[in-house]
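Notes for the one structure printed next.
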Amino acid sequence: MTADAVAFWCLAVVLVGSALAVVLTKNLFHAVLWLALALTGTAGVFLLLDAEFIAAVQLLLYAGGIVTIVVFAIVVTERLVGERISQTSRRIAGGAVVAGGVLALILNAVRGQVFPAARPEMVGDLTRTVGETVMTRFVLAFELLAVLMLAALMGAIYFARPDD
Amino acid sequence: MGLQAYLTLAAIVFCIGLFGVMTRRNTIGILLGIELMLNSVNINLVAFGRYSGDVTGMVFTVFTICITVAEAAVGLAIVILLFRVRRTVTADHLDLLRG
Amino acid sequence: MMEWLTPLIVPFIVLNAILGIVTYVTLLERKFAARMQSRVGPYRVGPHGLLQPIADAIKLMMKEDVVPTAADRPVYNLAPIVFLIPCMLIFATIPFAPGLGVADLNIGILFFLAVSAMEIVGLFMAGWGSNNKYALLSAMRAVNQVISYDLPFIFAALVPVLLAGSLRLSEIAVAQAGLWFVFYPVIGQLAFVAFIVSTVAAENRAPFDILEAESELVAGFRVEYSGMKFAIIQLGEYAHVVGASFLGALLFLGAWAGPGPEWLGPVWFLVKAMFVFLLVTWVRWSFVRIRVDQILALSWKALLPATLVLLIATAVVVVWRGTPGV
Amino acid sequence: MAGDGTLALAALLLHAVAFLVLAVAAPLRRLGRPAGYVSILCAAGSLAAAVLSWRAHAGEAISRLVWTWLPTEGQTLATVGVLADADSTLMLTLVALVALLVQVYSLGYLSDESAPALGRYYAYQSLFAFSMMGLVLAPNFVQLFICWELVGLCSYLLIGFWYQRPAAARAALKAFWITKAGDVGFLIGIVLLWRHTGTFDLAEMRVLAGNGAIPLAGLAVITFCIYLGAVGKSAQFPLHIWLPDAMEGPTPVSALIHAATMVTAGVYLLHRTDWLFALTPDVLAIVVWIGAFTALLSAVLACVQTDIKRVLAYSTVSQLSYMMAAIGAGFSAAGFFHLLTHGIFKALLFLGAGAVIHAAHSNDLTDMGRLARRMPQTAIVFTVGALSLAGLPLFAGFLSKEEILGAVRAGGFTAPFAMLILVAFLTAFYMFRVVFLAFFAEPVALHAGAPVAAGVGAHASHVADAGHHASHAAAGVAAHEPHEPPASMLLPLWVLALLSVAIGVYFTFVHPEPEFTSPAWLMPVAVGSAVAGILLAWATYQRRAIDAASLAAAFGPIYRSALARFWIDDVFERAYLLAILGFSRVIGWIDRYLVDGVLNMLSAWTVTAADDLRTMQSGRAQDYVYGIAVGLLVLLLWVQFG
């Protein structure tokens, strides 16, 4: 087993374990912390795929940003300190069957295909290439994204404004 | 590790997220499931990009992450607003659209 | 043998050096604050109080470790560690001299920012896990403040990145061989000021220390911690400040550049970092605490637009000059 | 250094900087006057840069400074940048000059505004100046169109500056939509032209036109479409109706946007692309006829207005049509020349009118009279402007107006030429009607025996700027005394007046080389008709030797139709109502009896079916996710095993 494979298996265990914990724990706050771990694990997977830039963005925005706002939402929607927040699940059996079925069929589809086993050599600085591609080939998508972000920002402000 | 391993991992995480979205009672819990699903899609994008030697996958991962952040911000704003109006974040109670 | 040992030895040395520096930085701050208030500061333990930090550490280790009954135990216990790890990881990409660093990533500064953003998770875990109103309020305030000041901090830090044309910290340092970015006309000074202000805020230090405002919140999110866990949180906080000081020295003050032989580089770097640290400390001991809304208004209404405009102006300057670099 | 267009770019960007600073730094903007100082400072710098740039490009020198924009795979779709040559830098200087003067003037004129409103005003002003300069310097049609729309937006914002007033809000909307109607044509024209020639770039296109490489088939449609844009912006018949209503904006805005710069954009566009229009003489003939007709129509309308700003607005329409006529006749330089001189003296007239409104707290001529005693300086500069507009020798409008008349005649358009001569007479008449009524004659209201205060009160409620100053009037109507405006308003007035005279004197002695020959009788006829107009106005309104009412009666039908604005606005309204309502009726019938009939039947079935199915719709988002997941499962099964 190479170092890569070891790292992959460790990350896979962490990722799947924490993902399961996210959907199964009763304590909502703990679920969010597990999500943070899952997101950090994903950043590790990105590192394995030589995408350092994506990994950093993942940490910065997802793990730093989303986790914080989720926590915020929990605190705002529950009483500040009081009883433990617990959340229950329903239709667990049905959900498990459907999700498991989808998983099995996807895996079946993945197994049937022939994929390249080796990674092609990436030339040059990947971060720089990503940046240049964003600014040239996908500049339109990039600008649309900026508009979307603006709209989301204004929408969030609109929702969160105090009642008049 | 081949591409297959990454795809399998992403599929597992995706289905776990799907399970969470279907079963959680708390709206915030549903959002957590959605985050997991989106995250697994990102793994797919980056893995495909890396194994085909094309940066498009990574570029779109950056885009997805940004969109997800926007989605989370708006989604949580809605949750907070819902809580303010209805005093609950249990998804079952939010059924104004019932036919 | 050496091939696989080297990647372990360097981090080991760096880690211990950082721990030493962080420990003694507390003494430096106390002495500095004492001078500002016409006191002497720690003087008893060792000559001129030089052994004081060690005495403090021993004292904290000996203390009883109290866990509140109502605490969320796993979260409460994990919080100091989760808090400390990012604070130590930020040193990973800082090159202390040409070639001397743990990992000189090509996205070095982004890594720094991303990892320091993770610190908030540990902080919130501490506030939540304590199951104490003061701690939770303090953690909420901290989240508010860190979210608000992350953006100006990033924008200010991106100005040197634009000027140097690289995200790699060593290249940013090298790019200042001709002119330290703090001396870059207009842009450099403004960015440095914005950097210092947002550093002070992001470190939750006075005048932005509402999260531990002792008159309202006792001691903030660490109110329930004692003994070794308290020591770890304290260590993490100071490590973060020192890390930010190193980053400031690297981004604006030319890193290891200085007169004398090459091996003096790390020393110069340390001196500059301590200069930045003292600057932050000076602010801390000079101003009164301001209100939450003032803090937020300062960030969103003044600092954020200003740094954004500064960033755009820098981009224009760089494009105008044709090539990045001084 | 100046030869490479950098200075022109600097002139452009200074305004952009001012706008960005004011837009981003909200605290500064809310301070009001300091925001104005920032804007004025940038405008002054811009003027200096523009003048230097003009000096550098006075000859044949042309400089292009472009950056690629919208790079698509393989090629560049468009560029942004500046194209500086003699014409564009001259226009740039005019824009910079008037913008600066208007901004200085506004400090005094809008001194009653609240500080945030004033800051907003200056932000708009800077944005406008930036967009206008971008339009003037545009090297291609894309940038030109974008700036074209931007100035339209600024016009909308500034007309609606007092947006609390319904009339202003309506006028802003009207201006926006009517110019948009022309802009649609313009946009279609640009795109068609791109398909026709394969480029947006003006310089490249000009080379193509010079080589005869532009196919003529279908070109007339394209140039007509482009002309439609100019019709909207430069207020040509039948889209001229927005300009008089635009007077709801503050007077300095009218001076800058609706007299000197934005409305001339259409003329400038045609001048800029005259080599293109030269290929389609039919369209040019349309331009002349519409120009002459609009000139006459609006001159008649100007004669019956009692609102001082509306007189000037119709006069602007009339003068713009003059320029259009010259361009249509094939001598666009004459039209451009008149554009420049008109820009100076019309700005002067508007600012002068603003000073009068500022003093009299009313827009209405009947509320004024003998103001020359109270405000002699304003009277002098306003008269200078009126003389320039009438086109008397030694004043700015003289040579340019004569050039236009000569151009139209040289182009072989006899009937339009005669109409324009008549317009020259009418122009002098209505301008001096204003001069006499406002500054020299006894107040009309006193004549009629009505108290002045009642007149002020009655008009203040519905007249644009008067409302703005109504607070003054309400404070003490009876004790109110008209007075000279403050220095910040007088200074621009004097600068413009001196410039008008200087230009007039210079061109009376230094005749530029004309592109055509005019007969010797042309100048006496032109000057003579102007003088006749002035004399008629003097006799009617100063001496009252001719009774104004009987004069009106003599032209009975025309007078009455002019009072009703020739029913053009009504026609628009009716046509709009008729078309929309008629169409709606037809659609309504179809909808009610055909579509609904079928639907009612279907819906009756649907309702019963839905009642049974509605239990499926739980309203809980998760149930739907569950459904989607099951659907996905089925789909996967079908794909893999089906």
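Letters A, B, C and D name the chains as they come in the text, with residue numbers starting at 1 for each one.
Convention: a contact is a pair of C-beta atoms (placed from the backbone, for glycine too) under 8 Å apart; a residue touches a chain by one contact, two chains touch by 3 or more.
A quick note: this is a predicted structure, and the numbers were derived from the prediction, not measured.
Chain D has the Cα centre that lies closest to the mean of all protein Cα atoms in view.
With centres set at the average Cα position, the gap from subunit B to subunit D is 52 Å.
Our note on geometry: subunit A versus subunit B, Cα centroid distance of 7 Å, whole angstroms. We define each chain's centre as the mean of its Cα atoms; on that basis subunit C and subunit D are separated by 57 Å.
The set of subunit A residues touching two or more other chains comprises 53, 57-58, 65, 72, 91, 94-95, 98-99, 102, 106. Subunit B has residues 18, 22, 24, 92 in contact with two or more other chains.
For subunit C, residues touching at least two other chains: there are none. Listed by chain label, the pairs that touch are A-B, A-C, A-D, B-D, C-D. Residues of subunit A touching subunit C in their complex: 27, 29-30, 33, 36, 40, 52-53, 56-60, 63-65, 67-68, 71-72, 75, 80-81, 84, 125, 127. Touching subunit A in their complex are the following residues of subunit B: 1-9, 11-20, 22-26, 28-29, 31-33, 35-36, 39, 42-43, 46-47, 49-53, 55-56, 58-59, 61-63, 65-74, 76-81, 83-84, 89, 92. Residue ranges of subunit C in contact with subunit A, taken from their complex: 72, 74-75, 105-107, 110-111, 113-115, 117-118, 120-121, 124-125, 128, 131-133, 136-137, 140, 143, 146-147, 150, 167. Within the complex formed with subunit B, the subunit A residues making contact are 4-5, 8, 12, 15-16, 19-20, 22-23, 28, 31-32, 35, 38-39, 42, 45-46, 48-51, 53-54, 57-58, 61-62, 65-66, 69-70, 72-74, 76-77, 87-92, 94-96, 98-100, 102-103, 106-107, 110-111, 115-117, 119-122, 126, 129-130, 133-134, 138, 141-142, 145, 148-149, 152-153, 155-156, 159-160, 163. Touching subunit D in their complex are the following residues of subunit B: 18, 21-22, 24, 30, 91-92, 94-99.
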